[in-house]
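Once you scroll down, you'll see the structures, which are given as structure tokens.
Two complexes, one shared chain (subunit A), two partners (subunit B, subunit C).
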Partner chain A sequence: MAEIRLKNLAHSYATDPEHTTDYAIHEMNHVWEQGGAYALLGPSGCGKSTLLNIISGLVIPSHGSVTFDGVEVNDISTQDRNIAQVFQFPVIYDSMTVYDNLAFPLRNMKVLESEIDAKVREVADILELSDILQRKANNLSADQKQKISMGRGLVRDDVSAILFDEPLTVIDPNLKWKLRRKLKQIHERYNITMVYVTHDQLEASTFADKIALMYEGKIVQFGTPRELFENPNHTFVGYFIGSPGMNLLKMTLSEQGAELGGITFGLNAEQRALLQGAKNAELTLGIRPEFVQLSAQQNEESLPCTIQHTEDLGTYKIVTVMLGDHSIKIRLDEEQQIPTQDAYLNFPNQWVKFYADDYLINSTEGEATSE
Partner chain B sequence: MSLVLENVNRSVDNTSYLKDINLSFEPGSFNVLLGRTLAGKTSLMRIIAGLDKVNSGKVIVDGVDVTEQSVQKRNISMVYQQFINYPNMNVYDNIASPLLLAGTPASEIKKRVQETAEMLRIEAFLKRYPLELSGGQQQRTAMARALVKDATILLFDEPLVNLDYKLREELRQELRELFKLRNSIAIYATTEPNEALALGGTTTLLHQGRVLQTGPAIEQYRYPINLDAADLYSEPPINILPGTISEQEVTFDEYASFPVAGHFKDVAVGAYRFGIRPSHMSLVPKNDDDIELAVQVEVAEISASETFLHVANKHFQLVLQLSGVHDYRTNTPVKIYLPPEKLFLFDFEGGIIKAPYPAREQGAQQHG
Partner chain C sequence: MNKTQNNKAWFLVLPVFLLVAFSAIIPLMTVVNYSVQDIFDQNSAYFVGVEWYREVLQDPRLQDSLMRQFMYSGSVLAIEIPLGIAVALMMPTRGAMASLSLIVLAIPLLIPWNVVGTIWQIFARADIGLLGYVINGMGIDYNYANNPIDAWMTVVLMDVWHWTSLIALLCYSGLRAIPDAYYQAAKIDRASNWAIFKYIQLPKLKGVLIIGILLRFMDSFMIYTEPFVLTGGGPGNSTTFLSQTLTKMAIGQFDIGPAAAFSIIYFLIVLLVSWLFFTTISQLDKDKSKEMSHES
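Now for the complex of A and B:
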């Protein structure tokens, strides 16, 4: 069990990095506390796998250090870091039984057979593998194999952390639910530091207490799923979290308010004050599809729009509308009606965010967490 | 161009992969095959392509039986899950390769490659090699190669599964637009109901090698033919509660009951399975006649804007999809509410008796 800390960590695959573009990981300081459930989320190429490999010891960072409970581990091999890893594709011994697969790490450590037996049965019980302990692993389904991979990490008491690298990729959607729920239960029970790498925001947010969202080698926001959703501190966070992502509308300031390509969005005093300091920056107004209100009735603050397209996804609908030159997506519940003729939008002030050169313009309470 | 599959069966070593498949695809249509892994999606595509043989049945293109025709003779393009490109050729040559093979004049090739690359927004990378591209760009290259020739039939076998979900969202939208412009038959396989719903077109539900249902995805979501179909359209999976209907009452395991009303009125007395989608249950009653169930929280999965609350009592295990954040510790007792008018009714074989949606015409309504 360990607290994992990254100190002034940076990594370049180039031997003589000169430009910032030479870095796969830009300098960062970051802490994963002991016992936490964390996700490392980002698109492919953002550096999340590099970072995971640095923690596990497969990649030695070119700058800075990694510490486990205060001890620098840069030069310690993967085995000696006591990291358990679960990969995209289950890594197990097909010719062995489920039991022997689970017992394998303990037998390597020369643990007493009686202790091994107790531990294997305990873990098998939690993972619902008890009924198939004597079966050969090769005929099992992908989700069962992936549970064995996890189990091999859980049998060891000395594990510092379990790292998951896209563990549900090969699992069918209906089984993903079960396996994810299992993971969550395991975390609640074992209090092991877990870091879960994924590009899937649903997996990240349901698994993790806190998500580190990576973009171009940087952690752009570290926070609870809710914080990332409700208060994205960068336009990329707004775009990447949420399906569809945040509506991001380029805007300029005028006497009347925010100019959104032919449409004026009225600003209140507080919003105006917020934007004053960022006059020279490139400004963006952000609002999530979930928070845009669509109505057939006009009110004082509503903006006229035209409906372009509706996607009915059963449990919800995505409506695309044009507001001036901007295309805006709105997420509506199954039961909500879509106006057939005139349509109007409302942006509730509480959910309207402003970005200067892609970074959130903070009001007093929302403090950026770039660490 | 039309494509018809007649009584197609395929098995290997006594394992049956496709059973009595009868399907017809309209000219210029966009079609989705929705099913789990091993449902038969890839098997079906390989037979359409001529890569695998049928054990019995026929493949008919434009009225001509092509069952025995080789893959080369069929004018088909296929895109796979894995990004398959020629690593030693740049993007331009990769896209041009099918046209070169077909002996297309050089000037025509140049024009078509350029057009297709622009359509897929990879025109800036034509000089690069596949390994210098991101996954999304590699898959766009593979798609461009499939789209550049005027194939009669375009097969897409889970083409987006290995991509970031954000990229998936974007490419999905592009694909829908791309297919609108073409006159070929496009068939797109996926395991994800949301993809079928978002792509539109005609969806065929495949389950264990059989066709369950064919039609618009949203219709299937509302009127699944059986429990398997309902389950394929539910993410998280649809909740099932066993119960009975008597003259006056509907009862779940003698645990909760409500008067027979609404769409249960003319149902025969007996034992049934009731289905309810996770998004239709709530923690507060929405109507007076909502059914209250006392349960305990197993785990609360909190996504950014929603909570998936897994609950159980000694009779059932259910999942609720709630909007907003609802943080509950394991074992917390809670009360949940089921609106009876949202219940699906299945018999014990899984056949559907009643769907909770009123008029069938409503399902077909779509904008844009």
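Now for the complex of A and C:
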């Protein structure tokens, strides 16, 4: 059980890093609270696995420190950190039975055989492995193997956190949700800090209470799935979360409002005040496809657009329209009619976000939030 | 079951059948032919049945060299397999040193057998050879030409020098195929180095070790050139192995009948041991799959 704190942590695989591009992890401060279920979400190569390996001690950070409950663990080896880690591909000891696999960490710690037996059976019960305890582990299916690798972390009483490195990659889609629910259950039962690395937003939001979204070696936003969806504080968060991602339109500020490549979007006083503070930066207007309104009737604030094409996904439709030079995606319900001739867009004010140099211009402070 | 009768299909098998017949079956049959006849010249051959087989199996010379052969293959395997694994484990995994050690290990494998024999013939000589001279210099009386034990050890040492590389290279490739995650998981599970070897590395090496052991068994069981060049089978008959005894019998004494009978027995022994070994290993896998189909 532990609170994991990253202090001024940065990491470079280069021995002598000079440029910021040499860093896999840019300097960050972050806290994973005891007992939380967290997801570390980001595209491939953003540094999320590196960060995970730094926590478990498989990678030693080049800068800054990692503390568990206030104790610095930089110099403590993986073996002694009381961390369990589940890897992308299930790691099992082929030559052993399922039982021996689960007992392995305890035997390495010289725990009494009677205690081992009790613990192994308890964990096997939770993971639904009781029926196959005496079978050789190497002929099992991928999901069972992955449960074994998880189980090896759970049998240990001293484990302070379990780290998951994209553990469901090799699992059949129809079994994924089952294992994910199992993870949730385990989390509730053992109250262990869990950090789950994934590039799948659905996996992240179903597993985690809070998601840390990583981009180019930085955690760009840390919040609940809903916060990430409704209030992305970086254009990348907007783009990455949601399906399809946020519409991001390059804009400039003028007397009339926001210039979106030939089209002017009228600003209200509040928005204008917000943008005044950041007029020298590169500005972007962002709006989620879910919040764009499409209609055949023109009104004062609507913007004329031309419909490009419609994708019907069964439960909803994605309409692509051209607004000036910008292509905009709109997510509509199945039953909603798509205008055949003239089409007009409305951007409801509360869902329009403005970004200065990719960071959200925060409405309360009136300035760009920097990390 | 309804099988389609199509006799033309036999023509498709014919080329393979002919190839195998000419390359393996017909030559083998001529040996079988010699082994059941007593031939004096082209016109006088007598069918003797299993007479030669009986004689050969009772021949103490052959029994002795068969024993020596088993001992030789046994000791060669007992040294080369563990040593090869150990070398593979100690080899650097990346960088220039890795390439260098691969090249160094490959060198013995590239040397022709009779050259290996010659190298050791000179290297181990007590008067001018580096190895023999040094051993004698340390006060140990060593001479492979006179002492059967010395000769025996030299022959084994030569084979270890020549072929341990093969096992090491096979194991090295096997070890490189183990994903990093296994070692990381073992670290997290607090496995000792011995446990890592026993539960991760050794099981993953099983495949290459099967190949390695089979190759080394067959090769060492048929060894001829190196001991022939090094010791000529002596002193006495102490390093005369099966193939050398056979050659003496067939070419030296021109006992074609017994030599043919013995060739057949020799061939069957190699076949039998290899088959036993192979089925034992594959049987292990089969048991597991049976277990699986049973439960699922």
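Quick note on the criterion: the second predicted complex is superposed on the first by the 364 of 371 C-alpha atoms of A that agree within 3 Å, B and C clash if a C-alpha of one lies under 4 Å from a C-alpha of the other, contacts with A are read in each partner's own complex, and residues count from 1 in each chain.
By our rule, a residue touches a chain if its C-beta (ideal position, glycine included) is under 8 Å from a C-beta of that chain, and two chains touch if they have at least 3 such contacts.
If you're wondering where the values come from, they're calculated on a predicted model, not measured in any experiment.
S.K.: With subunit A superposed, do subunit B and subunit C clash or fit?
M.R.: Superposition check on subunit A shows subunit B and subunit C fit without a clash.
S.K.: Which holds for A:K7: it touches subunit B only (first), subunit C only (second), both, or neither?
M.R.: Neither partner.
S.K.: Centred on subunit A, what angle do subunit B and subunit C make, from Cα centres, as a multiple of 10°?
M.R.: 70
S.K.: Is A:I338 touching anything from subunit B or subunit C once the two structures are fitted on A? First, second, both or neither.
M.R.: first
S.K.: Is A:D312 in contact with subunit B, with subunit C, with both, or with neither (first, second, both, neither)?
M.R.: first
S.K.: Comparing subunit C with subunit B, which touches more residues belonging to subunit A?
M.R.: Result: the larger residue contact count on subunit A belongs to B.
S.K.: Just to be sure I read the superposition right, which of the two partners does A:F104 touch: subunit B = first, subunit C = second, or both, or neither?
M.R.: A:F104 sits against subunit C, while subunit B stays out of touch.
S.K.: Just checking: does A:K250 make contact with subunit B only, subunit C only, both, or neither of them? Give me first, second, both or neither.
M.R.: neither
S.K.: Identify the partner contact of A:H26: answer first if only subunit B is touched, second if only subunit C is, both if each is, neither if none is.
M.R.: neither
S.K.: Between subunit B (first) and subunit C (second), which, if any, makes contact with A:R121: first, second, both or neither?
M.R.: Once the two structures are laid over each other on A, A:R121 reaches no partner at all.
S.K.: Where does A:H63 make contact in the superposed view: on subunit B (first), on subunit C (second), on both, or on neither?
M.R.: A:H63 sits against neither subunit B nor subunit C.
S.K.: Enter the shortest inter-chain Cα distance between subunit B and subunit C once the structures share a common frame, rounded to whole Å.
M.R.: 12
S.K.: Would you tell me which residues of subunit A are touching subunit C in their complex?
M.R.: Residue positions touching the partner: 56, 58, 77-79, 83-85, 87-89, 91, 93-96, 104-105, 108-109, 132, 135-136, 138-139, 149, 152-153.
S.K.: Under the touch definition given earlier, write down the residues of subunit A that touch subunit B in their complex.
M.R.: Residues 43-45, 142, 172-174, 177, 180-181, 184-185, 188, 199-202, 205-207, 225-226, 228-230, 239-245, 288, 290, 307-316, 320, 333-334, 338.
S.K.: Touching residues of subunit C toward subunit A in the complex: what are they?
M.R.: It comes out as residues 179, 181-182, 184-185, 187-192, 195, 199-200, 202-204, 288-289, 291-292, 295.
S.K.: Quick one: which bits of subunit B touch subunit A in the complex? Just the residue numbers, please.
M.R.: 36-37, 134-136, 163-167, 169, 191-194, 197-198, 218, 221-222, 231, 233, 235-237, 277, 279, 298-299, 301-305, 308, 310, 319, 321, 323, 325, 330, 366-368
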